[in-house]
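Next up, some structures in structure tokens.
Shared between the two complexes below is subunit A, which has subunit B as its partner in the first and subunit C in the second.
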Partner chain A sequence: MRRRVPHLLGLALLAFFLAFPFVYSANDYPYVMHIMITSFFYAILASSWSMLAGYAGQFSFGHIGFMGVGAYTAALFSHYFWLSPVPTELCTEYRFGETWLVVVNPIGVTSTTLTQDCLRQAMEMWGDAVQPTRMPVWIGILLGTLMGGVFGFLIGVLVLRLRAAYLALFTLGFAEILKATISAEIEITRGQAGMELPALFESGVTLFGHTFDKTDKLPPYFVMFGLLLVCLAILAWLAGSKFGLFVRALREDQDAAAALGVNTTRYKVLVFVVTTMMAASAGAVQAHYVGIVTPNNLFLLQMSLVVAMAVIGGVESFIAAAIGAVLIEVALEMLRNSFVIGGVEIDMTIWRLVFFGIVLMLTLRFARNGLIAPLIGYFTRGHVARETVEHRLHPRAEEAAAK
Partner chain B sequence: MEHPGTFWGVIAWMIVWGVAGSVAIRRRYLQHDLDTSNTTFVGAMLGAATGPVGLVPLWLKTPELTNRLIVLPAIGAVVLVAAAFAFADPDSNCVANGSFVASQITNGIIIGIIYGFMALGLTLIFSILGVVSFSHGEFYMVGGMLTYYVTVVWLPGINPLLGIACACAVVFVLGALFERMFLTPMYQGRIDRPVEYGILITFGLAFTLQYFVQAIVGSNPVKTRRYFDFPRVRLPSPEDPWLVKTSRGNLELFDTISISNPRLTAAVACVAVLGALLYFLHRTWTGKALRAVSQDREAAAIAGIDPSRMNMLAFALGAMIAALAGALLVQAFSWLPQVGNIPAMRSFVIVVLGGLGSLPGAFVGGILVGLVEAAGTGCIPDPQKAASYIPAYGMVVLTLTLLLRPTGLFGRRYASGAHGKF
Partner chain C sequence: MIHLAVSNVHKRFGGLHALKGVTFEVNGPELIGLIGPNGAGKTTLTNVLDGAIKPNTGTVYLNGQRIDQLHPYEVAIAGLGRTFQVTRSFRRMSVLENLYVPALATRRAADRKAIHAKAMEVLEFLTLGHLRNEYAQALSGGQQKLLELGRLLMLDPGIVILDEPFAGVHPRLMEIIYAYIRRVNEEGKAIILISHQMDSIFSLSQRLLVLNFGGLIADGPPDEVKRDPAVIEAYLGTEEEPEGDAGARDDATDEDNPTHR
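Moving on, here comes the complex of A and B:
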């Protein structure tokens, strides 16, 4: 019975999250929904990072960089590629049947310059007669995911020979270079000003006869939650298969694993590609949901949050990491309220992070497997010790029973 | 840039032959059952510098890779990049303007000394504890912040030296306490993967310290006055001071090179402290014990040295060095709680470039990184872009080092502990 408790609890949690947007109806509904969506976003990052770091032992600090790759690919795609029913005759454009694919020229920040990109010029000439449309959002998300995979493959190949500290430094360097490049190439990425994206469902979406417009939180909630479930399902499948066994062997002893016939190169690169694709897809969806991406999204703070969430949840269990991420994101938001003690105002927006850092250090020091993973383990594996003892005491009993 | 095609063409040519060289030469040496430890580096550099002209003889003859064969192609490759840039963009400030070049180089070396000093703390910690301390940047930040508070807010008018000493002492104690509280389980074999634990726990400390300081100080930038005014010097004569001219905040050499006071005093102080540190490490019992532990923990323990105490001392000392660098630079830069991030990254770069655990390597690496950053900021035509790319220059160096020569310039091939493997 005890073994089933985590499964039951998991189902209850699933039901709770599925029912939550319909049941909850307080005034702060959009705010709470926003927090839930953000917490799912972090849950995807934390669980995929726990696969990379906890299962495979590759302590990559560039995970947020891969998230940025996904977000910026989606942003660039939606910014530069348009569909138009008539040719602009100003831009680079390709004809597909009755529509033209318009590639907008990069001109940088428009607020300070009078020149406009070719599509805007064309639109001014057309007036209201012609409306060019954006490319579908899902193609951008897909491209972002693929681009994350490509980057993950490249980085995975580059770090093949590096271990532990070197790997951490290299991936941190990758994230920094990415951030610096995005901040510096103002003509293309608009630098610190950030890039605007269309909402996930720009023209609204109709579900069960109810129309949600683009600012409603319910559709993105289910998109992000669905993505989280897909990622968790893939991770569960991977962890339970040969792949999971091999990457754990890699973590414990790479040389021994290689000697026993594990293709270490292949699995190291593969685990990078899979996890970075998850991070990139989360980044792309989140970018479309929030509507803007800036290089500040790639700050080390974000990476610290992901690492801390995974570690506090339990880095060697992706489910625990995901639950940890959701709990911590919600807890951090709840701690936002400042209060006054003895005439001194305590600014909780900062102090909560201090508190969080201390929790992280104490967890690492005293509960190395996180706070949630041991709980799951208590229920699922608690019987193992007893059974082993029983088996040692009466080795023949089971065989006799089997006969 | 006038002819970007020329420049990028040369770079592409160098990359193609560099990659080809690194792969082919390593293969060849492996086939001939020779030492392959430097082949990747030499193959890449020789390929980049000379193309097939140099690679073919190397491939045919497979000579022993002496130091000369390691260093010369590397210099050749750097010279080739510089020459390509000079041809592509002859009017650029960093090609045509000699005094600008001299000034950039001098300032690059001076700031490089300070970088190297800070990286020294990181490499000291690494060589003894085997931990890459991710909280190094935060110790740097705390050092500067404490100096500011002591000399400006709490005790205005106090001698800045006392403020610096106070900051160093506080961070020393902080480092020692942290080591005792959080790093001790690492040495007792109670942790499966100590290197990762070390990274994560120092990462946690960095996070905590940064937001703790931000919560207390707020996020307004602070800065101290300069600690020391230059005396007024005019050489060789007051009318024609072409040799040396100083004002209170600036020093001018040969009418061309201008060095600001805070940076020069910081660099001089760093060199002085480095001397003291070298004396401590090589001439005193404790320093020798530290070095002994870094070479072989077990043997040192047998000789009567308590490695656990040396760990504490090394971590505290490393943290204090970072704090001292911060305390010296708070007169030069505006100070924010986030100020430590970029120097921390830079220290990682320097330490890997110099060879993890190598003290002279940290210093040489620091100067090299200082020069690379000076070249980067001076030569990229768009100044705004150049400034945005500052964190990336070092990271490019790091990437190249890790790919071509992961042991760094002076890295020991077999450092002690689990971190020796890379």
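Moving on, here comes the complex of A and C:
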């Protein structure tokens, strides 16, 4: 029975998050929903990073960079690729039946003031007669996910021979280079000005018989929550398969795993590809949800936050890492409320980060496997010691019971 | 029929000539002892055989397949398994999971049920059955050595290299290792046994290979090898030690060896 407790708690959590948007009805509904969506975003990053670092032992600090690859791929795609019923004759364009695929020319950050890109020029000429349309958002998210996988493959191949601190520094370098490149390439990425993206449901969507416009929080809530569930399901499947067994062997001793027939190169690259695709998909969805992506999204501080969430939850359990991410994101927001003690106002917008840092330090010092993973372990492995003693005392009891 | 052919293998680490033209063959289920003083090149030879280190020159063939340029996992699948001088169990994985790894990697067993059944049989044989669900880190040093031997049974290679299996092991566990060696040999596998425990190696081995300063100085039945003047000199020394060559090392690792994959 005890071993089933985590499953039952998991089902309870699932029911809670499915019901939450319909049950919660306070005035701060949009704000709370935003926090929940953001916490799901971090949960995807933390749980996928847990598979990479906690299961496979690949301590990559480039995860936020891969998230950025997904976000910027989706942003570039939605910014530069349009569909038009007539050719602009100004842009690079390709005909597909009755539709033209228009590739907008990059003009940097001056587009809205001094000059216009080729499509805007054409639209000015057309007036209301022709309405070009954006490419479907889901294609951008898919491309962002695939691009994350391509980058994950390349980085995975490059770090094959690197271990521990060298791997961490290399991946950190990748994320920083990516951020610097995006900042510098103003012509294409609009640099620090960032790139605007259409909403996940730009034209609104009808759910449960109710029509939601693009600013409503419920549709993105279920998109991000659905993505989190898909990622967790994939991670659970991988962890329970030989993939999970081999990447853990890789973490424990790469040479010994190879000597036992494990193709360590394949699994090291594979774990990079899978987890970076998850980070990239989360980045792409989050970028469409927020509506803008800037190089600041790729700050090292963001990576530190993801690592801290996974560590506090428990880095060797992707479920614990995901729960840790949700709890910490919600706690950090709840701790924003300042209060007064003896006439002195405590500004929690600053002090909450101190609190967070202290929790992280205490976790690292006293609970190396996080705060949530040991709880899960209590239920899933708590019986092992008792069984070991039983098997030693009565070695044939189990066989007799089986007969 | 197992056939391992090691031909003129040289390995250098910078100025250090670790293996000097090592040549020998293994034919069938032989039980071979590999001995030599510290730094003779025993572990370097093991690393060359299992693909962890590529030789500078020379070839290694296993059952007609050249394996000296293969990755370690390919060598394992080709049929050569090894243990390590310092036990390298997967410490934060359960005992059973440690055994599943080689079986699933090589796919020698039909399905998971068969793999589990074989793992349980191996654990019972090694007296580790009651520890099946414990993490390997909970096992004693001797039990971890047994676990490493168990993984080789799951890998099921044609030739097994056991690197110091008796080091630091309680006499009761030693008996289990003796039984293990006999079982593996009776299953038709060849065994190369590396040990500094002369009593054990002389009593178990049918044939002895002796390495000294990277060169193979003797190859024959234990009784003959024991009387070989070169072997006596290598172990007891003479008044004049060889000069001009740093000799081979036992403990070459990938940290100090750039060619180590």
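To be clear about the criterion, the second predicted complex is superposed on the first by the 394 of 403 C-alpha atoms of A that agree within 3 Å, B and C clash if a C-alpha of one lies under 4 Å from a C-alpha of the other, contacts with A are read in each partner's own complex, and residues count from 1 in each chain.
To be clear about the criterion, a residue touches a chain if its C-beta (ideal position, glycine included) is under 8 Å from a C-beta of that chain, and two chains touch if they have at least 3 such contacts.
Everything numeric in this text was worked out from a predicted model, so none of it was measured.
Greater residue coverage of subunit A by touch, when subunit B is weighed against subunit C, goes to B. In the superposed pair of complexes, A:248 makes contact with subunit C only, with no contact to subunit B.
Contacts of A:391 after superposition on the shared chain: subunit C is touched, whereas subunit B is not.
Look at A:311: by the touch rule set out above, it reaches subunit B but stays clear of subunit C. Of the two partner chains placed by the overlay, only subunit C lies in contact with A:262; subunit B stays clear of it. When both complexes are overlaid on chain A, the residue A:105 reaches neither subunit B nor subunit C.
Looking at the shared chain after the overlay, A:337 reaches neither subunit B nor subunit C.
Annotation: subunit A residues 251 touch subunit B in one complex and subunit C in the other. The residues of subunit A lying in touch with subunit B in their complex are 53, 57, 59, 158, 161-166, 168-170, 172-174, 176-177, 179-181, 183-186, 191, 251, 300, 304, 307-308, 311, 347, 350-351, 353-354, 356-358, 360-361, 364-365, 368.
Subunit B meets subunit A in the complex at residues 126, 132, 181-182, 185, 191, 193, 195-197, 199-201, 203-205, 207-209, 211-212, 214-215, 341, 345, 348-349, 352, 356, 384-385, 388-392, 395-396, 398-399, 402-403, 406, 418-419, 421-422.
Subunit A meets subunit C in the complex at residues 242, 245-246, 248-249, 251-253, 255-265, 316, 381, 384-385, 387-388, 391-392, 395.
Of all residues in subunit C, only 50, 52, 71-73, 76-77, 81-82, 84, 88-93, 97, 100-102, 104-106, 129-134, 151, 155, 254 touch subunit A in the complex they form.
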